[in-house]
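Beneath this line is the structure, given in structure tokens, with notes to follow.
Chain nomenclature is as follows: A, B and C, assigned in order of appearance, with residue numbering initiated at 1 for each chain independently.
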Amino acid sequence: MRKLLQREFAGFITLALFLIYLAFAAPSFYSLGNLRDIALANVSVLLISTGMTLVIVVAEIDISVGSLFAICGVCGGLLARGGLPIWMLPFAGIAIGSALGAANGGLVSFVKAPSIVVTLATMVAWREALNWATGGAWVENLPANFQWFGLGQAAGEAVLFSATAVLFLAILWASHNLPAFRSIYATGSDAEAARLAGINTKLVVFAAFVLVGALTGLASVLNAVRFSDVPANAGIGLELQSIAAVVVGGTPITGGRGRLMGTLIGVALLGIIGPALTYLQLSPYWEKAIQGGIILVTVLFDALASRAEKRPALA
Amino acid sequence: MNRATKRQEFILALLIAVEIALFSTIGKNFFSAANFFECVRLAVEIGLISLAMTPVILTGGIDLSVGSMMGLAAVVFGGLWQVAGFPLAAAAVCALIVGLLGGGINALLIARLNVSPLIVTLGTYSLFRGIAEGITGGARSYSNLPASFLYLGQGYIAGVVPTQMLVLAAAIVFYWLLVHRSVIGRAFYAIGLSPHGARYAAIPVTRRLTLVYLLSGLASSIAALIYVAHIGQAKSDAGTGYELIAITAVVLGGTSIFGGSGTIRGTLLGLAAIVILEDGLHLAALPAELAGISTGVLLVLTIALERLASRQRAAVAENQEFEMKNSQLAILCSTVIVGALIVAGSNWYLVKNLRSGTSGDTTAAKEGQGRLTVAMMPKSKGDPYFISCRAGAEEAAKEFNVNLIWDGPTQVDPAKQNEFVEGWITRHVDAIAVSVGNAASISTVLRKARSQGIKVVTWDADAAPDARDYFINQATPQGIGGTLADEAAKILHGKGEFAIITGALSAANQNLWIQYIKERVASKYPEMKLAILRPCDDDRDKAFSETQTILKVYPKVKVIIGISAPGVPGAAEAVKQSGRQDVKVIGLSLPNLCKPYVHEGVIQAVVLWKTRDLAYLTVKAAAALARGELHSGATSFQAGRLGDVKIEGTDIILGSPFVFTRENIDQFNF
Amino acid sequence: MIPVLEAVGIRKSFGGVRALRGVSLEVCAGEVHALVGENGAGKSTLIKIFAGALQPDEGEIRLEGTPIEHLTPAKSKSLGIAVIYQQPALFPDLTVSENIALAHEPPTAFRRIDWRKRNEHAATLLSRVGADMLPQAYVSSLSMPEQQLVEIAKAVDAEARLVIMDEPTASLGDRDAENLFRIVDELRKSGAAVIYISHRFEELFALANRVTVLRDGESMGTFPMAEMTNRDLVRLMVGREMEAVFPERNCTIGEPVLEVRHLTCVSRGVHDVSFVLRRGEVLGLAGLVGSGRTQFAETLFGLSRADGGSIAVGGKAVRIESPQQALALGLAYVPEDRRRHGVIMDFPVSMNTTLASLERVSRGGFLDFTAERRVAEEYRERFRVKAPSVDTPVRNLSGGNQQKVSLARWLMTEPRVLILDEPTQGIDIGAKHEIYMLIGELAARGIGIILISSELAEVLGMSDRIAVMHAGRVAGVLDRNHADAHTVMELALGHAAVGD
């Protein structure tokens, strides 16, 4: 327990310090409206990072989520325009995302190609394929009930928020209490031992990729309905953002460990930097540097903390 | 150990042979010495980084920060030379030192503190680029470098061999010796296969890893210098995305991503496969997106083939895993791949079917006898603005009976623009029309095109005047900036605060417009104040979030000026959702993206020209030049449905910017 | 009586190598069935087939008379077969209780886990195997013997009809081993069948009812244990008579080559270790697993940083902060964990041999491949490494030959002091004997040797003096003539005061 808490500790401390500093430097940051806007803007990042956490726990990685995000959004928009009932959109997003995730997962677990290579390939290929197919054109003239699922802004926001919260909490719960999810941790911890314990490790890895695909698809649709049309260039850089969130949240890239609460902290930390800089009236030109700095500081803190604690045993 | 690598190298060599055979048939002037050297020139920067990436990956690491380091080194070099007045050589040395320092940061965290390389370099990836942007304020760039320096990136030795090829050759020899012939190289393999084993064998693991990351930083900064000499300009966006291309080249070349196996030869083959593919696609006038798609497919294909081949030889490994039957595996794989293809296909089909307006398919030109070929390049193919231009270009091509090649970078990338022009020169098209992303960088190649008898026009954004015959001037930056400032003043009644949402902080034309907005405000509307400027990375969602925050932090802001096609609707949506009736949005965007908001009254004015006419005029002018119907010194020229168009000096004037408002916007569909 | 497990004509090949060539075996309820054979004889392959981790090419497995088709790990588990692997098959990032639960709980994917029940259950099992640890502890925080106990608890829990133990005592101290023997006995009495693999014959004679001997993938037959002698077993395993195991040595011991004074490394549990090693001397380092012998050796070799104490090599005081420095001073360390530390599995024999002395096969930092091959070939012949060529990856060699490559690497550095950490662990008798001969030879050449071993007979048989460690300290140093198994054990258990 202690050990796991410590892994999230670095991210948590950084977030806390940042929040305290904001409370003094820009108290208006804590307005309800602002917090709501930030939360909504990060709904999709949280969903994707949740999936990414599980992929990283199983000791793989998926850098194609940004491209998947764009494809699912465009497909969702086209389906809505093609007359798909609006309530079915999230399910369509999940289905398309799962199919794309299955392509990644299949190549990783059944062809045994390294996941970073496979998803690098699919990231580039899907992105360019989408560019080619759409020629960059946005999906416009969507039905009026596309935005907010036709529920209006307030209700729509509530739906988005609660759907994400429920899903996140469900996966959080499951990651502790369902054998299916525990087998992800077991496989990531030691794949051979998992196999000997009767776990179908190939299926577990495959399922993790399908899951991150499904969550990305859902996130894409939930994000799309905040607007009245769908751009074709969405999600660029999303993969790095979500991996950074997971890492800042204390999940080691080597797999087997990692908790979703940490990821939530990571998403929150990276999500508030942008708006906070505006609140602090800092130059936007340094935003990227600050973001990189925060990742490095968290990582450094974690490294030093675990170095101090750990026996230097390599054996 | 090397069997898998060798096999993959063999597969790759075959693929390259296929590529060469294919492009020799369908690409024009592909199989020529000149084109070979052009390919090499294009490969130098990526090549240097791929070479440095090879030992990084061999030791089981990865370095995502190389592209960002290029940006930082370029900016440091340019800044020290131009601003601080350092001699060129001293500035170059400082840039190299910065590269070593950056590599040192990576090395410290990775080798000393044992943090995962992926995480560390993910952090420095943001950090380095961020510092580069911070130093230059995103916008500043350093050009007018002396010819002696530019020779490094643009010159030829003995008239045929590109100068930077020597650097690449030296780097290849260096890395080959280091990796394959030296005691140190042996350590790379040992560390990659078993870091513990290497340590117990008294190999100085920390020092070797440090060396690898230092060299990676150094190679990035050398690549940055060559890049600057090649492009003729030092800017913070140098080398964007190079890390992924380099990793792709290395992995494609058979180096295991887990470390411990791979060769320099493989990396060079991987690099060749990628460069030849891109060059071949340009020369065959196939759309550039195919490069990305094919690279992805190649990557999966070579690895899958290698895996399947190695499976046949069933390893003797003691802990051999229980294998699924081959037939089962084949079925599973094909199901997965077919599934993916169906998704991709249906996606493509849906888009094709539902896309309205543009006439669709690629314009792969079939050169008939006597028909002119005009190659036209947007700044970025995916930008809705340029998509709307394309329709006009196609209209003109049909009307005036010319082959139109419409291609360009899929994202804004000045270096890529040069590659396209180089390709077109080799292909020997009749006229080239470029929307210039970076004047300093492209002018050299445009001059080269002119020297070979190709007519050159620029459109949308201009190059150096002597690098082109005519510039199709849709509206001057002063005109655009002024109009935007005037529109804002109209809403504010000359008094109050406004904010700007720009596209990318490093986009030259956007920065120019912002500059003219500021000038106009300063001279004509002293009581107006620019409260804040935020970038949206041409991402609608980011523009939305940024605007939400601005509305809260700067409640006095009443007008938001969006200077990015996706930025304007993003800002408008944010204003709309905030319920703030008192805030209005104006900006530079496309009427179709903004129509709903214009009708709702959130967007008051969209400033733009008639994009279709601009491209139409460009193609017409290029064709007229190539046919000899338009000569220098003309004062007007007959442009089809646009009638007589005025020429001022070497500017062909389309007219002043057009302001779309609620009253007129429904007449336009682009 | 129907046997619990019957295997008939099992064949298995990896690539071109035939690991099992038609092995038959039957194990009855209430029996402890010993399985012996040299390394590479096919024992591990056979039990992996029983566990469902490997599929046989041919042959039939019957469980209580019913033929079993296509055995998988999950199926094997559900049929009541539990396996304790030599290398614990545990999840380092999960808790003890979850590790235990994963071994026995039915594979339902979507039913809520009752953590309290799991923990209570685990606590019961742990106390049954005499393990003193919290069910909530992470396995990564446990020592090797503790992990082995968890592994045993897993098997005990499964209420298995057949328990397979692959060298369960390899990393256990005597007290834990006693505990294990008690559990094996309980299992037998409760009617389960046990297959027990070990290289330690005394255990087998104490525990087993019958024994099956494997040699080169073939069964040499099954015999009642009571009718066998040590010599019979060796003959069946090796196919020839073995001469006296330990070589006679006429040692001339010279001046001190290594003096260690008060060496301490708190973080690794090494406290105040002092001794003197002389030229041509073999100093045995005995002690229980976890007594700090390996930790001491690694501190001495610069793999972990010492907090205090001094080291003198050849009479000169030195500081050793990295393996490179140790190497330069003429120290060599052949580590315990051969596969992870001793060799680079994917390097060929030649590159493994030269790895620590590349300067001998290079000029100006550049490798001379011809010289490398020549030197590697030389060492391969000298050490009689059985490999098709020096280009064969070490992964494809047997354990004993891997160990020889590891030894060759360090002897190529021409050390003055050679530290051998469990040099014969898990290797077969033939190879063991060759290594003993080699140790004798090296000592005769004037190298000072520190021999770390958990096999008492080995330490007693090979050493000139024996230092016994207990809890990170040297509990006593015994002269060859005064040392016997009893005294050493007493010191190792911390019962006696410092000898001498």
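Keep in mind that, in the parts below, contacts are C-beta pairs under 8 Å (C-beta built on N, C-alpha and C of every residue); 3 or more make two chains touch, one makes a residue touch a chain.
Bear in mind the structure is a predicted one, so any value in this text is a computation, not a measurement.
Chain pairs A-B and B-C differ in how many C-beta pairs they share in contact, with the greater number at A-B.
Averaging Cα coordinates per chain and for the whole protein, the chain whose average falls nearest the overall one is A. Between the Cα centres of chain A and chain C there is a gap of 44 Å.
Distance between chain centres (mean CA atoms), chain A to chain B: 26 Å. With centres defined as mean CA coordinates, chain C is found 56 Å away from chain B.
Of all residues in chain B, those that touch two or more other chains are 196, 199, 322. For chain C, the set of residues touching two or more other chains reads 53, 72, 303, 341.
Under the contact definition stated at the top, the residues of chain A that touch 2 or more other chains are 192, 195, 314.
Across the complex, chain B meets chain C through its residues 1, 177, 181-184, 186, 189-190, 193-194, 196-204, 260-261, 313-318, 320, 322. On the chain C side of its complex with chain A, the touching residues are 51, 53, 72-78, 83, 85, 89-94, 98, 102-103, 105, 107-113, 115, 136, 138, 141, 267-268, 294-295, 298, 303-305, 337, 341.
Residues 26, 28, 31, 33-34, 37, 41, 61, 71, 74-75, 78-79, 81-82, 96, 99-100, 102-103, 105-107, 110-114, 116-118, 120-140, 153, 192, 195, 202, 223, 226-229, 231-234, 236-237, 240, 243-244, 247, 252-254, 274-275, 278-279, 281, 283-293, 295-296, 299-300, 302-304, 307, 314 of chain A are the ones that touch chain B when the two sit in their complex.
The touching residues of chain C, counted against chain B in their complex, run 14-17, 44, 53-55, 72, 303, 322-324, 326-327, 333, 335, 340-348, 351, 355-356, 358-359, 362, 365-367, 393, 395-396, 409. Contact residues of chain B toward chain A in the complex are 62, 109, 113-116, 118-120, 122-131, 133-134, 136-138, 196, 199, 244, 247-248, 251, 256-258, 287, 289-293, 295-297, 299-300, 303-304, 307-308, 319, 321-322, 324, 329, 332-333, 335-337, 339-340, 342-344, 347-348, 350-352, 354-355, 357-358, 381-384, 386-387, 390, 410, 505, 532-535, 537-541, 544-546, 548-550, 552-553, 566, 569, 573, 577, 592-593, 596.
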